[in-house]
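Read through the structures below before going on.
Shared chain: chain A. Partners: chain B in the first complex, chain C in the second.
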Partner chain A sequence: MRALAAELAKLASLPAAWVAAATGVLVPSAVAAMTARGGPVPGGEDIGYQELAFGVLGAIVLGVVAISSEYVTESAESGGGRQITTSLTAVPSRTRFLLAKMGAVAIGGALLAVVAAAATMGVVQAGAQTPPLGAGDVPRLAGVVCYWALTALLAFGVTVLTRHGVVPLALFIVNTSVVSVTYLLTKITLLANYLPDMAGVRMFIRRLPDNDVEIAPLTAGLVMAAWVAALLVVATVVFTRRDA
Partner chain B sequence: MVTIDGLVKRRGGREILSGIGFSARPGRVTGFLGPNGAGKSSTLRVLLGLDRATAGTALIDGVPYARLRDPLGTVGAVLDGSGAHRARTGRAHLRWVARSAGLPRARVDEVLELVGLTHAAAKRVGTYSLGMGRRLAMATALLGDPAVLILDEPVNGLDPEGIRWIRTLLRERAATGRTVLLSSHLMGELAETVDDVVVIDAGRIVADGTLGEVTGAHRTLEDAFFALTGGGSRLTGGGAR
Partner chain C sequence: MTAARALAAELSKLLSLPATWLTIAGTLAANLLLAVAFAQAALRGTAATRDVVDVGLASIGYAQAGFVVLGVLAACSEYIGGQIRTTLAAMPHRARQLAAKHLATAIVALPAAALTAFCGVALTALVLGDTPATFGPILGVTGYLLLTTLIGVAAGALARRTLVAVAVLLGYFFVAGPLLRDNLDLAKYLPDTAGAAMWFPAGGALTPAQGALVLTAWTAALIAVALAGHHRRDA
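Here is the complex of A and B:
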């Protein structure tokens, strides 16, 4: 628990984590505001949710910087140190350290999702033509929170392996915002629907464009969780075996 | 008490440490001397559980670092630079370290005062000078008031006042029965601080004893060092990791 408290304190005192938070809240609510202005849109049942599927960028940045910040090397004039040495002398068990990090990233990602969902849905509800949120939205919003927490962990796991934030950040951001490689893959093989992000969004998105594959929300969550668990196991094995 | 025995470390097919063995005893300052690239940092990193040894043991009070119950209360470590992320303030850095060991917040202000960084506590580490970064690393090491201090090149980058300060501090720690192990390639600085000397060269221990024993018939520790390590021919190569 001490290790988790330390990791939460680290995240809270890292400016990049606040940039991640701002991105996660502002991006989906701003997009939602623009969509709402355009009047009623087809596929209105996913309004707000689509924006939140995109706003997961914030959770990605959070997951990446949580671990890449450990490996940032100080300038040579400052002695060329890295925070990871301090972290691992404070918490020498690699597994405990990584578990604490995962805990902090999951909590951070989930909290961010709650705030972002509140902001985005607030904007959507302010629009006149949208149906009010009902009981059916509760499990979907829970799905959003799970999706953000799991995506943050996914980005975290990859960055544990790379020890550098740039590549995973570019990869995840491009896939989420510019060209969804995983989405294009679903055109080639239906199996791609079971990739972590493609499956994960079905926890709360009802209709994906040009896609008839049905995955129940619970199944979707389990599929994504399985991917994340597998990745984190690999990351933990690599992390415990290599020199810091 | 630090006990290292038969330590071997291979990295990328190259043997960096070839069976290192020595100990650092309580109440004494032990100097771990050697040219750059001799294996000082590698030894200390294995001792702190950061790197894995290919063979041999490195123990603190009889256990490997990773199995210490209260690491920060047992060992204080100073490695490269400040060991802090540059975007955090000095105080925020010390706070998360304190939290990881369940130490009270008040202790953070105590160590800041102790190393003379109180005035810069609210500044980002990225704005610190090399000397200030070293002081922050020292503050981190002292948080848990540990029985053992392990320092890699602690006087690097310090101004004369800083060097004097660290010398006094290390002597005080040893005087109260604590163990101090510090590495250095600066002989002159070390001769006035240490009780025991261990000399490493190209991954092997070439001398181990009290300051008097190692200096021996040589005029100074520096002369003894160059005689032991082959006249400083290696001083241009290598590099501290």
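Here is the complex of A and C:
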């Protein structure tokens, strides 16, 4: 528990984490405001959710900086040290350290999702001509929270392997774009629908453009969770066996 | 130090960074893979177009990320471990130093951009078994990628941290930009949409020449801000 508290404190003290949080809340709510103002749109049942699928950008940055910040070398004047050496001195069990880190990232991603979803849905509801939120939206909003937490863990797992943030950050942000690389891959093989992000969004998106593959929300969540679990196992094995 | 020697020094630093070569090679490889993917999609008739140049350049929308990273790395590598102090001791004229860095990065990025654009189209032509009708868009893409790289250098010089600059720029180019494009009329004057007009004409957008002009203006303005910041701030 103290390791988790330490990781949460470290995460909350990173300026980049707060920039990520601001991006994750402002991007979807601002875009939702613009969309809602434009009047009824095709795919109106997905309004708000569509924007939250892009806002996951904030969770990605959070997951990446949580671990890449450990490997940043301080300037020579401050001793040229890295946070990771201090962290592993305090928590010598690598597995426990990484588990605490995952806990902090998942909590951070989920909290961010709750705030972002509340802001985005608030903006959407304030606009005229949008259907009011009902009981059917509860599981979808829970899906958003799961999607953000799992995506943060996915970005975190890749960054544990690369130990530097640029490559995972570039890959994940590029794939958050409106027409993502994985979406392109679904045009070539239907199996691409089971890639983590393509499956994950079906936890809360009802209709993907030009895509007839149906995956039930629960299955979608399990598929994404399986990807994340597999990646985190690999990351943990590599992390415990490698020099820090 | 004369301007020519400043340029030579910046070029030497840039070319000796493994990250420069890794980024260029990674971008080229990713672009080729994506080009094959787009060509396959076109063969299956699921894409909107089957024109060789349009299909071959579709992957540039993603590959531009590599050029943004290249520009940011060129600028931010100075701030890893204090290289900037050596650099400024050797080149006390700050504006000249940063201008030389922009020029050196452009010299590296131009052939890389041309190669990336050309190889993507060539591979697509091979897969589709068709020949390109026009080469204009390839020139447009080369210019676009070059200017995007320079935006990366300027943003990197301002942010001084690789991750921050990469996150902000890619967040803009891949998430905020496309969303604004769909929702805001004035967005056609923003750098990403204006730049895209240089090679992918869309309805109601700017002409390629206008797009190039607007993107050049944005790039020049950002470089000017970076030069002013570099001149006035602590190193």
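In the analysis below, the second predicted complex is superposed on the first by the 241 of 244 C-alpha atoms of A that agree within 3 Å, B and C clash if a C-alpha of one lies under 4 Å from a C-alpha of the other, contacts with A are read in each partner's own complex, and residues count from 1 in each chain.
By definition in this document, a contact is a pair of C-beta atoms (placed from the backbone, for glycine too) under 8 Å apart; a residue touches a chain by one contact, two chains touch by 3 or more.
Since the model is a prediction, treat every value here as computed from it, not as a measurement.
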Overlay on chain A: chain C relative to chain B, clash or fit: fit
Should A:T85 be classified as contacting the first partner (chain B), the second (chain C), both, or neither? first
Once chain A of both complexes is superposed, is A:S177 in touch with chain B (first), chain C (second), both, or neither? second
When the two structures are overlaid on chain A, which partner does A:S93 contact: first (chain B), second (chain C), both, or neither? first
Per the contact definition in the header, classify A:A135: touching chain B only (first), chain C only (second), both, or neither. neither
Touching A:R2 in the superposition: chain B (first), chain C (second), both, neither? first
First (chain B), second (chain C), both or neither: which does A:D243 touch? first
So in the superposed three-chain picture, is A:S13 touching just chain B, just chain C, both, or none of them (first/second/both/neither)? first
Taking the superposition as given, tell me the minimum C-alpha spacing from chain B to chain C, whole angstrom. 11
Quick check on my understanding: which residues of chain A belong to both its chain B contact set and its chain C contact set? 16, 80
Which of the residues in chain A end up touching chain B in this complex? 2-3, 5-7, 9-10, 13-16, 69-70, 72, 74, 77-83, 85-86, 88-94, 241, 243-244
Residues of chain C touching chain A in their complex? 34, 37-38, 40-41, 44, 46-47, 61-62, 65-66, 68-69, 73, 80-82, 162-164, 166-167, 170-171, 174-176, 178-179, 182-184
Residues on chain B engaged by chain A in the complex (per definition of touch): 11, 45, 48-52, 65-68, 71-72, 75, 77, 79-89, 92-93, 95-97, 99-102, 128, 130, 133-134, 137, 140, 156-157
Considering only the defined contacts, which chain A positions touch chain C in the complex? 16, 19-20, 23, 27, 31, 34-35, 38, 51, 54, 57, 61, 64-65, 68, 73, 75-76, 80, 165-166, 169-170, 173-174, 176-179, 181, 184-185, 187-188, 210
